[in-house]
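Below you'll find the structure, written out as structure tokens, and then a few comments.
Just so it is clear, A, B, C, D, E, F, G, H, I and J label the chains in written order, and each chain counts residues from 1 on its own.
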Amino acid sequence: MDIETFPNPAPGRDYVIQHVADEFTSLCPKTGHPDFGTIVLTYVPGNVCVELKAYKLYLQDFRTKGIFYEAVTNSIFDEMWALMNPRWMRLETIWRGRGGIRSNMIAENADPQYEGPIPPYFS
Amino acid sequence: MDIETFPNPAPGRDYVIQHVADEFTSLCPKTGHPDFGTIVLTYVPGNVCVELKAYKLYLQDFRTKGIFYEAVTNSIFDEMWALMNPRWMRLETIWRGRGGIRSNMIAENADPQYEGPIPPYFS
Amino acid sequence: MDIETFPNPAPGRDYVIQHVADEFTSLCPKTGHPDFGTIVLTYVPGNVCVELKAYKLYLQDFRTKGIFYEAVTNSIFDEMWALMNPRWMRLETIWRGRGGIRSNMIAENADPQYEGPIPPYFS
Amino acid sequence: MDIETFPNPAPGRDYVIQHVADEFTSLCPKTGHPDFGTIVLTYVPGNVCVELKAYKLYLQDFRTKGIFYEAVTNSIFDEMWALMNPRWMRLETIWRGRGGIRSNMIAENADPQYEGPIPPYFS
Amino acid sequence: MDIETFPNPAPGRDYVIQHVADEFTSLCPKTGHPDFGTIVLTYVPGNVCVELKAYKLYLQDFRTKGIFYEAVTNSIFDEMWALMNPRWMRLETIWRGRGGIRSNMIAENADPQYEGPIPPYFS
Amino acid sequence: MDIETFPNPAPGRDYVIQHVADEFTSLCPKTGHPDFGTIVLTYVPGNVCVELKAYKLYLQDFRTKGIFYEAVTNSIFDEMWALMNPRWMRLETIWRGRGGIRSNMIAENADPQYEGPIPPYFS
Amino acid sequence: MDIETFPNPAPGRDYVIQHVADEFTSLCPKTGHPDFGTIVLTYVPGNVCVELKAYKLYLQDFRTKGIFYEAVTNSIFDEMWALMNPRWMRLETIWRGRGGIRSNMIAENADPQYEGPIPPYFS
Amino acid sequence: MDIETFPNPAPGRDYVIQHVADEFTSLCPKTGHPDFGTIVLTYVPGNVCVELKAYKLYLQDFRTKGIFYEAVTNSIFDEMWALMNPRWMRLETIWRGRGGIRSNMIAENADPQYEGPIPPYFS
Amino acid sequence: MDIETFPNPAPGRDYVIQHVADEFTSLCPKTGHPDFGTIVLTYVPGNVCVELKAYKLYLQDFRTKGIFYEAVTNSIFDEMWALMNPRWMRLETIWRGRGGIRSNMIAENADPQYEGPIPPYFS
Amino acid sequence: MDIETFPNPAPGRDYVIQHVADEFTSLCPKTGHPDFGTIVLTYVPGNVCVELKAYKLYLQDFRTKGIFYEAVTNSIFDEMWALMNPRWMRLETIWRGRGGIRSNMIAENADPQYEGPIPPYFS
């Protein structure tokens, strides 16, 4: 994966970066109907940070993909972790729902040595 | 019970799945009048996840059942636990109320070995 | 139709009565899935007013009926008009939606001689 | 009726006075259970204004009365009109509801010569 | 255009039907980036009503179209008017915005003979 | 005290029951003026649960009592604890205020052996 | 009265200026206790506009005055009208309330020749 | 003035275009301190529409200008009217306030022949 | 200091009392301009509780004092602690702000032996 | 750096001071377009506190600086820590977003000996 990153401008500090994308859309692999949701990426950077415009284009690529909620959540988490190797990361996906049920997902991981702050959940 | 499940697509990770059903209705066994509420199922999957449409139909079956708030809460919790055997699960029921009193219920359980994240309460 | 009414306690005045039923549910005649909505009945009484408990039971009868949004709106309007023969009446139905689209309906009528106040729309 | 009034301090102007009482309670004459609501009195004063503390005590007297929503609305309207003989008056009652239905009532009257401003509905 | 319609079930009454689609997305023809918005169709039916699922699929077709806000608004208005020939119609589009500016559009038309109710704007 | 209870339907589980009474009213023992508030009872049942209608009537009895905020809080807490002997209990009272100051009270207790979940505060 | 004004920078246009002061406080002349409210001055300027800082100091002078709600409303209205001689003016006062009743007042006037826009009420 | 415009894509219809700019900032000419506000431009286009990006850059130019609220309102109104010569136009400016007073301004004009719809005020 | 107190009616229990005063005002010692804020006193009583009306008058005394935010916070905290010697106490002050910056302060202390509940922050 | 400070008026207590600046703006170093956000500085003072007006002017200086979100966050944190040497400090920046993604950042540090309260996150 070749999403652009940039060097962490404050590598000596455990600080939190959060990007909230309210306009995410993918396709339901079963019905082909579009799904809409919010993707919240929160992390404590290690050596690099994901570049914001590249991240936005990465999310836009899901517009034509047929993929389940759980797979969206785990895929973005895995790809961002692999890309940045952060000290701590959480991915929350918040879906608008279908047929009276709306779903939310949370994935989270930390470097074993990480002892910095854990921010609250987005919603 | 034969509610459809599917294999956990990320069994190596403790991640949270939440389904919020805002349109739940059952019947009061005493008066026969309808009760309305929100059912929030939150869990960390083990080997399987409940299929969303099957879960929706399962909830719709309560539409004609006479059953108290406490029994709704404990029944859904027990049936979902038996169905999925998750690592951690919480069920919250939030009722619209009658005669000036509105009620909420929370049931929760975890596998003894579970050490993953505990998400915040829904409301 | 034999829904209970009671005599208008202030027949000399054009005043407004509004009943907001947030817990209405019927069935979609196509899919059999439940629909949920709010029914707002607003009227200026003539000789009689609908009794509140009888009206509530009347609305509960839709719980097992397969009926479209438009028919719910026009049926309740017609039956309440026939029952009460009010000076002015409006029925608003506000539906929770399905598949990303939520619908609202408004029906309204007045006695030709009516010159009293017209309250604002509910939503 | 001997509720205290005071002379309109600006009799040469059509201006609006509104008192919103959020803590009104009376008793249902059928069941004896308490009803709770908000009473909004809005008027353009003529020669006198109702004294605020006297009005508050007047409303508190409903605490032990068994009386329907419609009668509360029409009674307060009639008594305040008789007391103050205002140029224009509106009474709105907004009830917390019972059994899934909440009700609102509006009564309004004007002196035939009145041509001043008509404020919007409270809710 | 062959979007499915069904006969107006109450052709003798001027009543209002409103469909609110919160999950509309199209593409900016200049940049190719996705636009997100809410499309509110409100009309008083003549002989026919647009079928809800067909309307939903019609809106989903914009997902891959490059089209400006103004053209979305005027196109949907024109196509729905041509399809249904309603007594009165309004189309409101509410966009999430780009670069600090969010836009809204309103188109409206009526049959010259129409004298029925005009509902308030959606937002 | 003889408020009706019923056996805990799930005595093998530490689960939470919450009743929110928004329409509580008592009298100020100093001035005789009514006080209005919300009473939130939250508990983990032991052998029995308080019956909801009996609890509602119990709260309605305060309508004619002159009693301070602190005494309302401690009385309800003590009487419910004595009645149910729960594993854990919290009582929150939230008052609408007088003269620019609004008050809230919280009382809480647990069986010494209790190790189950502690839900968040109501407000 | 010598509150500073400045010449209307656009005397050829009927346009609306509104100043919302959320931090108004005066004293109750009966009890000496402080009253708190919001003062909303809305006007279409004639030859002059009130200078904002001077207006703020003018409102601060009420901090030590014992004066009823009605008198605050009519005094500010009269003084601003006399000061500016606007084409149209409305004064709304919105009070935080005492003893469960909160009050609002509206005074309004226009030059007889005025035919410009009338903005909506503030609340 | 040479702000980019584009031809009205639907010149045969009176329809409404609204641009809401939440991130406007200028400088107070007296103190040099920054002012922050929302600028709402609403119009019915004639032959041309203002291009959105050009309009955004036009608004950004106020970032370094010392200018009063009234002048911002009248300047933008005059320049947009001169640029587009619309059938109807309204400009609303909503300011965050200073020292406890927040201000709003409204300017509006119409071609004498204009008989199309007048949308409601933005706030 | 001689602010009236009354004996703790439930000295055997660690329970929380909170008084929220939304209508606090003092003067800025630098500029003389009024400051407005909310004062939230939360404590677990020891032997005595502060009497509510006396506390209200105590707060009203700040109306004519020139005093900074930090000093308001620390003064009220110190005086209430000295007056009541509670088991635990927190004082939060929430200010409406000036010139685009609004401030909040929190002071807190506990008796070293205190092991009771710690309620959440007010805001 | 020579931003004005003043001595901590209560150096014997670990108490929290928070300044919320809703009107922060800087420039994007890539595009030159303005960014808008809220800057929340929360700290437990040591020997000195930052003077509020000086802090406001310090933040206003970013109006003409081209600087990324991460650098704004780390710069203000570092400069405030160096200026005040507080016992504990947190800086939160909350940005309005661009192109459908809005970002938030959190930096935090404490004196190793600090054992006082840690307030909750601002948002």
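Methods note: contacts are C-beta pairs under 8 Å (C-beta built on N, C-alpha and C of every residue); 3 or more make two chains touch, one makes a residue touch a chain.
Every value quoted in this text rests on a predicted model; they were computed, and no experiment measured them.
Undergrad: Does B-C or D-G have the larger number of C-beta pairs in contact?
TA: Answer to which pair has more contacts is D-G.
Undergrad: Please compute the C-alpha centroid of chain C, do the same for chain F, then give the distance between them in whole Å.
TA: The answer is 38 Å.
Undergrad: Round to the nearest whole Å and give the separation of the Cα centres of chain A and chain J.
TA: The answer is 26 Å.
Undergrad: Which whole number of Å gives the spacing of the CA centres of chain F and chain J?
TA: 42
Undergrad: Two-or-more-chain contact residues of chain C, please, as numbers and ranges.
TA: Residues 22-23, 33-34, 36, 96, 98-100, 120 of chain C touch two or more partner chains.
Undergrad: Mind listing each pair of touching chains for me?
TA: The list of touching pairs comes to A-B, A-C, A-E, A-J, B-C, B-D, B-F, C-D, C-E, D-F, D-G, E-H, E-J, F-G, F-I, G-H, G-I, H-I, H-J, I-J.
Undergrad: Touching chain I in the complex: which residues of chain J?
TA: 9-10, 13, 15-23, 49, 52-53, 55-56, 117, 119-120
Undergrad: Enumerate the contact residues on chain E facing chain H in the complex.
TA: 68, 70-71, 73-74, 77, 97-109, 120-121
Undergrad: Using the touch rule from the top, collect the residues of chain J that touch chain H in their complex.
TA: Touching chain H from chain J are residues 22-23, 25, 33-34, 36, 60, 63, 96.
Undergrad: So in the complex, which bits of chain D are touching chain B?
TA: Result: residues 33-34, 36, 96, 98-100 of chain D touch chain B.
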